[in-house]
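Below are two complexes that have chain A in common, paired first with chain B and then with chain C.
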Partner chain A sequence: MAKKKISFPQFGNYCIPFEYLLTNILNVDYIIPPPTTKRTLELGSMHSPDFVCAPFKYQLGGYIEALELGADVLFQVGGVCRLCYYGELHERILRDLGYKFEFINFSELDIYSPIDVYNKFKKYNSKLSAPAIATKLLICIEMVKMMDEMENFIRENVGFEVNNGSFDNIYNEFLEHVRKVKSKKELKKLYSIYYKKLKDNEVMKPKKPLKVGLVGEYYTIMEPFSNHFMEKELAKKGMVVTRTMNISNTVFWLGREKELKKKVKGYLKYDIGATGIDTISEALELAKKKYDGIIHIKSFGCTPEIDAMPVLQNISNDYKIPILYFSFDTQTSETGIKTRLEAFYDMITMRKEKNK
Partner chain B sequence: MIKAYLGVDIGSISTKGVILDENNKILASKYIWTEGNPIGAVKNLINELETQIDINKIKIVSIGTTGSARKLIGVVLNASVVKNEITAHAIGTTSIYPDVRTIFEIGGQDSKIILIEDGIVVDYAMNTLCAAGTGSFLSSQAKRLGLEIEELGDIALKSKKPTNIAARCTVFAESDLVHKAQIGHKKEDIVAGLCKAVVTNYLNNIGKGKKIVSPIVFQGGVSKNIGVIKAFEDITGQKVLVDPNSHLMGAIGVAILARKSGQEIEFDFNVKNIEFTTRGVECHKCANNCEIICIYRGKYLIDAWGNKCDNGAIPIKNH
Partner chain C sequence: MKIGIPRAFLYFKYGHLWETFFKELGIDIIISPETTKETLQIGTKYSIDETCLSSKIYMGHVYSLIGKCDYIFVPRIATLQDNNMVCTKFHAVYDLVNNTFKEYNIKILDYNVDHRKNQTEMSAFLEMGQKLNKKKFDVVRAYYLAKQNEKRMNDVALLEQEQLLKINNKIKLLIVAHPYNVYDKYMGEPILKHIEELDCIPIIADIAPKEEAIKKSKKISPTLPWLYNKELLGTIELYKKDIDGIILMTSFPCGPDALVNEIILRRVKDKPIINLILDEQEGTAGRETRIESFVDIIKLKKGDVNGKEKN
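Up next, the complex of A and B:
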């Protein structure tokens, strides 16, 4: 029997650990979908309900592009908002379009229950033993954490690099190698080599650079195409860019909800769904650290993030920190976004000069 | 010879230009329609401005551009400063009202609020996905009612009981307006309701959560509508100032920024006779198919943009 080809739509650089985990523990190949482009969005929007959020459309487009490359098993990781219903809908739309594939919907299982997960994936079973699977899983988790850490470092420094593209080059090299690691030891070695390379990369950073933090909805903040490469745009203007939202700080953070609730005390009493509480906690943290500004990113119509906005206003008033709000749907014109970002940059620059 | 600074604000609907001297005094100004042709509009503008000054006594040494076509016109005019309209408006307004705290701005397609403390922008917001409650909405509704946009304000003032018109969304507002007209609401009440709807929409969307402190200055094309000014004053309960040059604030601001840049570039009014053309090409180097716009002066390529990555970069030679 031919090997199954499994795939998941593009999501930041996370396709690399996904590929690592699945190809190592299952008897499958992994199809990395092409990078998200206008075509992905067009394909996705064409077959999506108009009012569904943009991440749904991007993912649907991503599935179609993966199917075109020969994928025959798709999975949907689901989520903690409407996203947990998206799997069924994606599957139905793709079947109606006539594609043949198997679909694994994480919403139908408890990802924290090993037995549940095992049963679902049994069919694509490898001959690996349970301890071997656990080892690979741990490597994958470690890999994600390392990537998150390195990307955090890059975001804060790439705006000041002396040689254009040097950070990206180092990081891409790391990603290329990391796909082939065999053991945790090898992974750690690779990490220390490349983290050092990043740290040694030449930068020209002023003593007190402008600092801006990004907060907002899970998908749109992490898939760069869907936020018009905002992190890059900001860095290009010579700013430290901080974004706390990533897999390490959500899925891997055990006890997250309890701790977050403690952090947002005085601003929020209840969980408002999805990453709304993360947004508020992160914004509060940035405000306390005296960042120059915050940018809130969400897909158009994202209810938890809309609920977070009045609280962000309170934080903005209390800490006198400006917050710029962006809603993204399927528009691809950048003029409006650039105007707002430019004005934001001018504003925080002038504020900083005044407060000197 | 007096040194002068040209500021051009090219919006979606109108194109504004001012020539300032070194003390921010207006030497010439003009307001014309863009009519979907920013390059043509700017040539007309330059032509008009030229007739207002004595070019043997006044020499333009620096140019600034702002508004949604700022980049294109910046290239055409060889501007020293190309600035977003939020910063330009704030600079322009504070030059005339140094103690302003809140700027309401409603233009053809954009609306924004700018909050200022000690002459510095401390917060702002701008409409995002839709153009509800902006000038283009008012002008299309004026047309529907068979009125000229310039008349709306005075007609609204006649109303004693403004009709309630749904303000959330332009499409809803439009059907609401049609229904109310058909059941016999008076025209002046509908117009007054329309002005009120623009203000409620503005305050609920752009102004949401922002602390509105006076002095308030209202500007942009819609500030010429006295009905909207009155609605703003009624709803906020505060005095709303409108400068006679409220439509020129962006142009004034960017002319000041051009002066402050210290960068002097020779300018020739003859630019109005040079042919500028643009050409759109699709890149095709990846699935993004970026549409790249190339700008030509005569037959020479002078600038190009629209590419998302370096693969689509077009090298520009100096001519």
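Up next, the complex of A and C:
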């Protein structure tokens, strides 16, 4: 039997740990979909309902592109908002388009019952053993955490690099190597080497650089194409860019809800759904750390993030911190976004001068 | 003490429950007046522009209660029995109101239903009763009476609708819409009226044997997470043989409906369907024309070109 080819749409750099986990525990090849482009979005929105959130459209386009590359098993991880219903509709639309594939929808599984998940995947490797999964899963989790940490460091420093592209080069090298690690020890060694390289990379940082923080919806903030490479755009202007939202700080954060609730006291009484509460807690933290500005990123119609906006406005008033709001849909023109970013940059620069 | 209840959102689902509960406890209530153009205008002013229409209407109702009562009643509902979720709007609505009307220093009375956190409707009502300084016994009694009344009112509505479903010489259209859209004076009612003027019978999907509908919804969509949508979806399955067409009525840009409507359009193939989007546009001619031509198509299909049943 030919090896199955499994795939999941692009999502930041996380395709690497996905690939690592799946190829190591299952008897499958992993197809990394091509980087998200305008074509991905056009393919996706052509077959999507009108006012579904943009991540749905991106992912649908991603599935189609993966199928074109020969993928025959697709999966959808689901989530806590509309995301948990994506899978069924994605599958439906792709089937109506006539594609042939197997679909693993996590919303159909009881994710709280490991046995259910195990049985689903057993099909792809008859020798699947629990200890093997556990070791590989732990390495995969570790990998995600390391990537998140390194990316955080890069975001804060890349704007000040002396040699253009040096940070990206180091990080890409790390990503290339990390795919082939065999053990946790090896992974840790690799991490320490490359983290040191990042730290030693030459930067020219002013004493008090401008600092902005990004907060917002899960997908759009993490998939760079869908936010028009906002982080790069900001770094180019010579700013420290901070983003707390990533997989480590959501999925892997045990006790997240309890702690978040403590942090947002005074602004929220309840969890407002999906990542709304993260947005508020992160924005509060940035405000308390005296950042120069916050940028709120979301896809059009994202209800939890829309509900977070009145709260953000209150934080903005209380802490006197400017917040710029972006809502992305399938519009791909750069000009409007660049102009708004420039105006925001000028405004926070002037504020900083004035408050000196 | 006087409690103000906004006539929007879940009022159309739990109104009987709330009203009886407060009445039995001897608490005065005031319900905001029916939605008008002004309600929506004010609500829009106090909402983020891309919020759904129903939420804007809700904010308008909340505003109209400011200064007219001691507490504004804004419950929070997150998860219900059997892992059923609701739209995240209802997770957030308490904090949304609180943050939006911060400058008015309003006082909010709330209860929180979250089955995943072991907070059931009953325990939520008990807690609310405590906050209102009522004896536990009285609260339990009021809750049970309220539940009974809720059931009675639902049963009456169901019986009435079953009579309508039996009528055979008129075109029956199933209106699949959230209760806060279909019963709203400004949004849904004009559409229902128009359908009646066309000599058709609107069948409201919200009126149905809910438990049965929830089970049936699995047939069309097995992974649907939202309870309120499950109830509506299952009704399509339940009433399918008695109706001539389906109108999906959605407020723009409703999160759950955006996906569920697409599933309905792709899965329900044996009945004609139109998708009506309600937004802030005031002109009604566009949607009236659409409904009229939809009815015409159904008549044509039945072989009734001149408006009379074919013999």
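Worth a mention:
Here is the rule we go by: the second predicted complex is superposed on the first by the 350 of 356 C-alpha atoms of A that agree within 3 Å, B and C clash if a C-alpha of one lies under 4 Å from a C-alpha of the other, contacts with A are read in each partner's own complex, and residues count from 1 in each chain.
The rule is short, and it goes like this: a residue touches a chain if its C-beta (ideal position, glycine included) is under 8 Å from a C-beta of that chain, and two chains touch if they have at least 3 such contacts.
These numbers were taken from a predicted model, which means no experiment stands behind them.
With both complexes placed on chain A, chain A has more residues touched by C than by the other of chain B and chain C. When the shared chain is aligned, chain B and chain C each come close enough to touch A:F300.
By the touch criterion defined above, A:T37 reaches chain B but does not reach chain C. After overlaying the two complexes on the shared chain, residue contacts for A:R92 are found with chain C alone; chain B is out of touch.
When the two complexes are overlaid on their common chain A, residue A:P310 makes contact with chain B and with chain C alike. In the superposition on chain A, A:S327 makes contact with both chain B and chain C.
When the two complexes are overlaid on their common chain A, residue A:R340 makes contact with chain B while staying clear of chain C.
Of the two partner chains, chain C is the only one touched by A:C81; chain B is not. By the touch criterion defined above, A:I272 lies against chain C but remains apart from chain B after alignment on the C-alpha atoms of chain A. In the superposition on chain A, A:S107 contacts chain C only, with no contact to chain B.
Comparing the two complexes, residues 300, 309-310, 313, 327 of chain A contact chain B in one case and chain C in the other.
By the touch rule above, chain C contacts chain A in their complex via residues 48, 50-52, 76, 78, 87-89, 91-92, 94-96, 98-100, 102, 112, 221-226, 252-256, 258-263, 266-267. Those residues of chain A that touch chain B in the shared complex are 34, 37-40, 229, 300, 309-310, 313, 316-317, 320, 322, 325-327, 329, 331, 335-336, 338-340, 342-343, 346-347, 350-351, 354. Only residues 68, 83-87, 118, 120-126, 128-129, 208-209, 211, 286-289, 308 of chain B touch chain A when the two sit together in their complex. The touching residues of chain A, counted against chain C in their complex, run 48-53, 56, 81-82, 84-89, 92-93, 96, 105, 107-108, 267-274, 276, 300-304, 306-311, 313-314, 327.
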